[in-house]
Amino acid sequence: MTEPLLDVSNVSLGFRGENGFAHILDGVSLTVKSGEIMGLVGESGCGKTTLARSVLGVLPRNSLEVMGGAVRFQNTDMLDPAYADLQQRIRGSRITFVPQDPFTSFNPVFTIGEQIDDLMKWKSPRRDWNAVSSTPTLLQRYPRSRRAIDREAVIAMLNSVQLPQPERLLQKYPHEVSGGQRQRLMIAMALLPEPELIIADEPTTALDVTIQAQILGLLRRLANERGVAVLLATHDLGAAYEICDRITVMYAGQDVETAPVASFFNVPAHPYTNKLLASVPGLKGEMSGIPGDLPNFYSPPPGCRFAPRCERAQLACEVRPAQTETAADHMVCCFHPVVDHAAAGLVPSGKGQTS
Amino acid sequence: MSAFKVLFGDRAAAIGAFLIISLVLVAIFAPALATHPADVAEFHLDKRLQAPSMEHWFGTDRMGSDIFSRILFGARITITIAVIAVGASVVIGVPIGLVAGYYGKWIGGAMMRTSDVFLAVPQIVLAIAIAQTLGPSVENVILALSVTYWPFWARLVYAETRALKPQIFIEAALALGASDLRVMVMHILPNIASAIIVRTSIGMGVTILTAAALGFLGLGAPAPTPEWGRMISEAREFLPAAWWYAAAPGLAIFVVVMGFNLLGDGLRDILDPKIRRGSK
Amino acid sequence: MTGPILSVRDLTCRFPIRGAFGREIGQIRALDGVSFDLAQGEILGLVGESGCGKSTLGKAIIGIQKPNEGQVVFEGRDIAGKSPREAKEQRSRLQYAYQDPGASLDPRWRIARSLEEPLIIHASLSARERSRKVADILDAVGLPASHLQLYPHELSGGQQRRVGLARILMLKPKVVILDEPTAGLDVSVQATVLTLFRDLQKKFHLTYTFISHDLSVVRAMCNRVAVMYLGRIVEIGVTEDIFAAPQHPYTQSLLAAIPQINGPRVTENFWLKGEPPDASNLPKGCRFQGRCPHVAEICRAQDPVLAVHGEAIASHESACHFAGTVTPPVPK
């Protein structure tokens, strides 16, 4: 079995502020294999954005306290401050990022071309990382030898993301292009450094539904064509269903279920996952919420953090359950997973279908 | 009461508040606190220009009056000028800024151009002109200051109102059927009150300085009124020998203005982050 | 009462685009001749993507946005163009629920005061009567009385939403316009919110206009749906009809874009390309011509009218020359 590209193992961390210590991630483990699209699904407050940022290594150092675990990207721990230089090299070239809000992701006073040039100057795959330079970073120039090839690569990429008239687009300012076009640009800029992993944080939440369908299809196609792995953080179950190969669900800083996408939606095992799927509006308008609220991160419950809201919770749930396998490659962290869906009255299929 | 607790939590604001409260108390209780209360009007030429001593803590002036006592009584004038001039400016400037910022377009433009005109008038020159026409007095100083100072509040309120007007809760209030007046007074004004308060506190300090300058030029109340600026002006011919004559009123002005500035800065820190800290 | 409770006719809102020196160099027709009826007790969904005009429509109905043309007939009287203050008495029965409920509350007012405000504006009641009404409504939306003394920022998002709704309900409205009530909500919270809306509708006999871009929510909640594109209603009908047999190509594309959990993946061959055209520079003819897979000469010449086509039932109208005969392209 080959090594996974990204190995998050038992990460526990939090942030210390004036109100105390907020324990944001508690023993989270997941892996991303090379070339696969992994969905990180959860509602607000589940910690998926924090986890995504930890993979990039951009968590705020002042307040961050790591209690344990490692985020290993090909042997580099992105969480360990001792590897800051290596992380700096990896970030933006081997792990890239597609942010949520395309409207504020660009610098409004520079043209798109100038911003992409800046990206290629520092993160082009043709950059000679080993050329040691005594010139300070601010004064380093963009080597002429690379420019022409880089520019060709940029135009080719803009065509791949189906942006019309790339040369003209490069001369425009960010406010002159639409949200959908900006997000295509973000994807292009994430792919130009030829990374091995793209972190996409809710990339289509701010977009219209038809544009969202276009962008998701594009992302999946390009990632598969180039063998790039994607970690897609989203709260939209539909989007996760559309493009992910595997899905990990998080609740309140814990990972609760990981499974291949078909198995995930067909036989969801964790009670939270079942409740989540039940709250997606069904064909006849049936849907149900989840009573209760998120736990207080300053004094979280011991063990499984969903227990206070779970109908199946018992005393044993005060200890964090280990991963158990309920089906092929289908892991769940629960002492009382749902195995017989019909008997439990939960019918997970048929959500969102038109006749 | 909790407002006071918050106030004294911030060091700058606490010091400022302490100084201002002292000023007010001094002004009120001047007759009791002064060592020679009668010296406000009386003079004793045999005791002219005496250096500070146990009997006269700040020495005596050219008429032999106790400087310390005159300064305490001068606090009354200072406060009167500051409060009335700034008060008038606020009362004129805030409604103008509010209406201009709320309605915008023609009304807003016209009001702001008017305030620009008044801003362009030099305070000192206007004060001199008024003093020439109507004679020098404290009332004329207040008039000159009010007429030239209200635009600062108008502009501040105009900018804040314009920023606040498109907010959703204003629109929601209008959607409920609230009248424009109700929205302006009950929704916008409370939300910009902190900016106005901060500006007012600092404005008091600036006004006192300007009033002192006008008094220095002889445009304020005539002798023997113990106005601080005029006391410094009187001291000019006796410097540097009778240093206490100018130092005492100068120190008083400095302390009071400092107090208002500190209070204003402290209030700015208290009033705004409290809203921000409390909100999600 | 017989007849629709709210009737909108040819509503038009044009926003000028100003160039140098404030000259008008163009226009955006945010609403371009919108007409529909709202029957008492129903939930009508207004669906569309950004720029379709659904928010402008909501604001024009309640009078925050003055329309250039058209009528808004509520309870038999035309209130188009009148600000909420002008038609105060009538408008108390026509209310608007904001997308961001926390932002719709004055941050410096305690909840109690915000809730009493509609009563102060519209009715003259004693303080005690007001407190009693406030207590009743709080009960109905499921908020504890202790929240009355809090400020908005001290409440959670869900509680702010309930306060916003309570404030609207103080005046016992007949029609409530819900503007994107579930945008940005987690799916489990969304289910709770929608259940609350259903309960309130039953309890207070409300009629809703449900503005949303989320088709699955609209299908779950609404009796009828109107699909909007660039300022026009392009299709309107009973929810089941629209979802089962959409007639307009744009509606078909919207439905094709909804992910189907445990069904085939929709994004693999999503057929709608491009983006809506520049709203200030609409082409002659049908406004969907640039993206429509079935575009023909007539589409570039004539702007289709919203009408019943073919054998569709009387309540199902669409604005397409080929309505009822075109189907979504089959993936290769």
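Each chain gets a letter, A, B and C, in the order it is written, and its residues are counted from 1.
Everything that follows uses one rule, which is that a contact is a pair of C-beta atoms (placed from the backbone, for glycine too) under 8 Å apart; a residue touches a chain by one contact, two chains touch by 3 or more.
Quantities reported herein were computed from a predicted structural model and do not represent experimental measurements.
Looking at contacts between chains, the pair that accounts for the most C-beta pairs is A-C.
Of all the chains, the one whose CA centre sits at the greatest distance from that of chain B is A.
Once the centre of each chain is set as its mean CA position, chain A and chain B turn out to be 57 Å apart.
Taking each chain's centre as the average of its CA atoms, chain A and chain C sit 32 Å apart. Centre-to-centre separation of chain B and chain C, using mean CA positions: 52 Å. Interface residues of chain C, counted against chain B in their complex, comprise 62-64, 83-85, 88, 91-92, 95-96, 98, 100, 103-109, 117-118, 121-122, 151, 153-154, 167.
Taken in their complex, chain A has these residues touching chain C: 43-44, 162, 178-181, 208-214, 216-217, 220, 235-239, 241-243, 265-266, 275-283, 285-290, 293, 348-355. Across the complex, chain B meets chain C through its residues 167-169, 171-180, 182, 187, 190-191, 275, 278-280.
Put simply, chain C touches chain A in their complex at residues 49-50, 156, 186-192, 194-195, 213-217, 219-221, 243-244, 253-263, 265-270, 272-273, 275.
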